[in-house]
Amino acid sequence: MKVGSIGSFLSLFLIVGFLFVGISRLHPVGEPLGNRDVFKDRNSLVTDTSNVDTMDDYFLRNGQRETGSNNIVASVVFDYRAFDTLGEATVLFLVVSSISMLLYTALKQKKMVLELKDPETGFPKNMTRIVSNGAYLMYPMILAFGVYLVAHGHISPGGGFQGGAVMASGTALLLVSSYITNHIKNTYKIFSFYESLGLTIFIGLGFAGIGVSFLFNFLADFSPLFLGRIINLGPNPGFLNSAGILPILSLAIGIEVFFGLSIILVSLFHLSRKEENTLQKY
Amino acid sequence: MGNYFLYVTVVLLIFIGVTALLYKKNLIKIVIALNIVESGLNLFFLTLAYRPGGTAPIFTLAPGLEELKMVLPTPQALILTNIVIGFATSALMLTLAIMTYRNNKTLDIQKLRGVEDHD
Amino acid sequence: MIKHIPILLIAIPLLAAFMLPIIGRIGIKVRDLVVLMVLLTVNFLLFYIIPEVALNGKVMYYVVGAVDPSALHPESLGFPIRIVLKIDGFSLFMGIISAVVALSAFLYSQSYIKNDERKSYYQILLMLMLVGMLGLELTNDLFNFFVFMEVLSISCAALVAYNTEERHPPYAGYKYMLISAIATSFLLLGIGFCYAQYGSFNMDYIHSKMQHNLIDKMAMIFMIIPLAMKAGAIPMHMWVPDTYSEAPAPVTAMLVTASQASLYALFRFSFSLYGNPVSSVSINYNTLGWIIITLGVLSMFIGVTMALVQHDVKRLMAFHAVSQTGYMLLGVGVGIAVYAAADGGSSFNAYGKVAMTGGIFHIMNHAFYKGLLFLTSGVIVRRFGTRNLDKMIGLAHRDTFTAVAFIIGAMAIAGIPPFNGFASKILIYESVYKFSPLLSVIAMFVSVLTLASFVKVFYSAFLGPRRDDLIVDKSPLPFGMKAGMGILCVLVVLLGLFPDVVIETLVKPAVSALVTIR
Amino acid sequence: MNNVHFSLDITGIFWNPIALVIIFAAIMILIFIWGRISFNRDYNEKTAQVKPFNSGNVEEIDYNVQSSNLYWGFRRALSGFYTRMIEYHDGDLNNYLKWMVIIVALCLLLVSGGFL
């Protein structure tokens, strides 16, 4: 295998050299394709397609009008390229299913004998009361912050994935500070149910728009009662009841990400605790 | 070269990641190397979208339209997707590494090789 | 409703997969019925659009989330802003292969996989594998292609490691995942270069604007070589026997189709993204063709010679998967090499197109007979409890059905008339002979060696005296396994007896979908 | 659909599987009839005829040639090739990836040489 080792070493440097040549011919940083710096006034945001020359330019000029969302990234994620987001949610669902499948026997093998809780105090071993109480106090706040991120995804930085990840970090905190997965089977059942529910809402909304097309934003300017408020173009304070199906999709993704990540964390944490126990035994 | 330093960072990250992929023997370290490559790619997409003085592409409480400059939105949406995919990949690979360790009691590639003891 | 078919093909199995954890609580039979119905629906939809797409030559577009999904440029901008799905002849051809193999693998695994709680997850992953394949075959968007590639890779890797309690499968799954992850990373680098140049992800748009400068060529290398690795071309094939041999049998049949999907992408990128031979600035098609031919010939020869000396039945078949991939690369590579020849397309019309027809027809044949062979190998391994050919003898006394299925598959893969392998191989031999006689001779020699190695398997596993003491699992063959193998058997025989029907209805539209200029 | 035939006929390649099957069946029938007429009929299931002849060995265990020993001549003749090849298939993940990097670099060299 000497040939392979030396050859691959040389090849690596060759590839890096080519990449350097390649990047030197790309457009410099800060001067992306097209010329779309200037919005001039509100008129350039109203059905102006004459001097639009790339996809991004179109999103910046028309995203707010077409989807009713102030956050153009959110409108790209949940409207223009919502199909990608569906694929991405599928990937997460896929990994959760895979991990549940792969760890199924490992988690079920032996009945878990955990003596992590101190019988006298009722708190986990190796953890002071401050840590576990603090974690329990922090948890609602983390959840609230996550829900805020999810709900305001279409008007400020955030969205389903970010909010869901923040909420799942709360689960991680809870797992580390105090062991709560004694009821592993129920945890799995509940969490996987809600995960499926989130995804079903997402794809169900996609099917709901199939009278026009799949994942069509059919609520965008329907009625202010159903998230269809028509906003002023250009900078504005932002309204929660705008953007049509975007907030609902964001919520669905938030549910899915929270419960999906929680399942992954619970499984891996559970397995590691179990390994620890078996190691201690032998 | 000053305008290109972000691209150079991208290339170096990819280089470091691929080198580690080729020469590291530990299954966990390989996952980390893959994550380095992925962060290089994410930085690449962000660099493509960047412009100096640009704000995030969000109109909520943005400055007036006259001086408004925005970075491109699509690559940000894409790297959001890529981050989740990268997370999913590493979670699955770590799980498989755990299972490998449980069955073989080693994480070393050199010790895990051996086609001849398949039967 | 017909205009929504491209999205329904992906969305229906996806919806079923998402709801399966909830449906599974109602009852096992309901769950199985739902999966079966979904797979049948996908097959039906694919066959339903054959007349429109393949025979009339119409291309179906679907713009996801647009006001009018059939209109390509509703904003009259000249470039698409949303994700576009596109079904042309080649996509339809690959979609039919994936769906049929998925149906038979599902029927087979109904009896093969033990009926416990993990089976729900197994079915979810099987269905998402189909979604990944269909998605990457139907999409016309580079980034969406990447996402579905990841869906496919992750589901494959998890299914390869299904038997977690055995020693090797988790590591095999790790290998598959690492190979896929690094391949898709390089692919994403190439996609990034394309985006940096043209500001779009749509293949048709990039194709129309392609400048063929240095960056484009680098992007092509970064996209094509990892795809060749995922398809299992030598010398990047070493992961193929390691992973194929550890997976459960129905999953292996699906893995073959997954590799064919990467091959699809390779051909799609060479033609539909970079193919512009008329333009003055262009990539050199002769060199690209020769790269693919070299990979193909090496794969054919080294794959089959390595297969000849294996004594692990699934490793042997996995090496044959590498070897047969070489035929497809050779056929289409010859087509690419003469695609832009200076003679104004006369040599392309004389034999290049026939070579491509043979290579693409071979994809379908290979998916079917190799799927069949892997399914029979599942029976063999279950009966003897080992994959070692030295410890097998005389299965034909017990399992006549399996023996007949194996004979059909083995004769098809060796290219013996009148089975389907011969129909595609004769096209490759004759047309490649006009291009370069030596390559054709190598291809025939490889076919001989293929027959030799399958004679070895048949001799070891099926012939000989009846030995009931060696057999671990004595239960009779369940109906599901028979059905799964039976579907593929019938298809192999039918494709062999009536090759012209398939070539006219499916393969020629696939070729003409790739060859846009000539 | 009007140009579909049951024989393959593309630019100089002709192949008709149906005809082959018919000819094959006809030949088989002829052989069968010929055999009925002129072959000896001394096959009897109840005698030791049905047992495989095993070079005079009495026990039947492992009378088959082991499949690893099949084609040993081929393997022996190409032993240099095979030792080299089996060395490459060593199950080492790093080597798998190294080959991909090498092929990518070679193709990039082709690009820089102006061949692609």
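Note that the chains take the letters A, B, C and D in the order they are written out, and that residue 1 is the start of every chain.
Assume a contact is a pair of C-beta atoms (placed from the backbone, for glycine too) under 8 Å apart; a residue touches a chain by one contact, two chains touch by 3 or more.
Because the structure is predicted, anything quoted here is derived from the model rather than measured.
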Chain pair showing more contacts of the two, B-D and C-D: C-D
Cα-centroid distance, chain B relative to chain D, in whole angstrom: 45
Averaged-CA centre spacing for the pair chain D and chain C, given as whole angstrom: 21
Between chain A and chain B, centroid-to-centroid distance (C-alpha), Å: 16
Centre-of-Cα separation between chain C and chain B, whole angstrom: 28
For chain A, residues contacting two or more additional chains: 8, 12, 15, 18-19, 26, 32, 55-56, 59, 81, 84, 87-88, 91, 94-95, 98, 102, 106
Interface hub residues of chain B, defined as touching at least two other chains: 14, 18, 21-22, 30, 48, 78, 81, 85, 88-89, 92, 96, 99, 102, 112, 115
Chain C: positions in contact with at least two other chains: 143, 147, 150, 154, 157-158, 161, 164-165, 170, 178, 182, 196, 214, 218, 241-242
Category of the chain touch graph - line, ring, star, complete, other: complete
Complex interface listing, chain B residues touching chain A: 3-8, 10-11, 14-15, 18-19, 22, 47-52, 56-66, 68-70, 72-74, 76-78, 80-81, 84-85, 88-89, 91-92, 94-96, 98-99, 102
Residues of chain A that touch chain B when the two form their complex: 8, 12, 15-16, 19-20, 23-24, 26, 28-32, 37, 39-42, 44-45, 55-56, 59-60, 63-64, 70-73, 75-77, 81, 84-85, 87-88, 91-92, 94-95, 98-99, 102-103, 106, 155-157, 159, 161, 234-238, 264, 267-268, 271
Sites on chain A touched by chain C in the complex: 18-19, 21-22, 25-27, 32-34, 49, 52-56, 58-59, 79-84, 86-88, 90-91, 93-95, 97-98, 100-102, 104-106, 192-193, 195-197, 199-200, 203-204, 206-207, 209-210, 212-217
List of chain A residues in touch with chain D within their complex: 1, 4-5, 7-8, 10-12, 14-15, 18
Residue ranges of chain C touching chain D (in the complex, touch as defined): 55, 175, 178-179, 182-183, 186, 214, 217-218, 221-222, 225-226, 228-229, 235-236, 238-239, 241-242, 283-284, 287-288, 291, 302, 305-306, 308-309, 311, 349-351, 354, 357, 389-390, 392-393, 417-418, 422-423, 426-427, 430-431, 452, 456-457, 459-460, 463-465, 496-501, 503-505
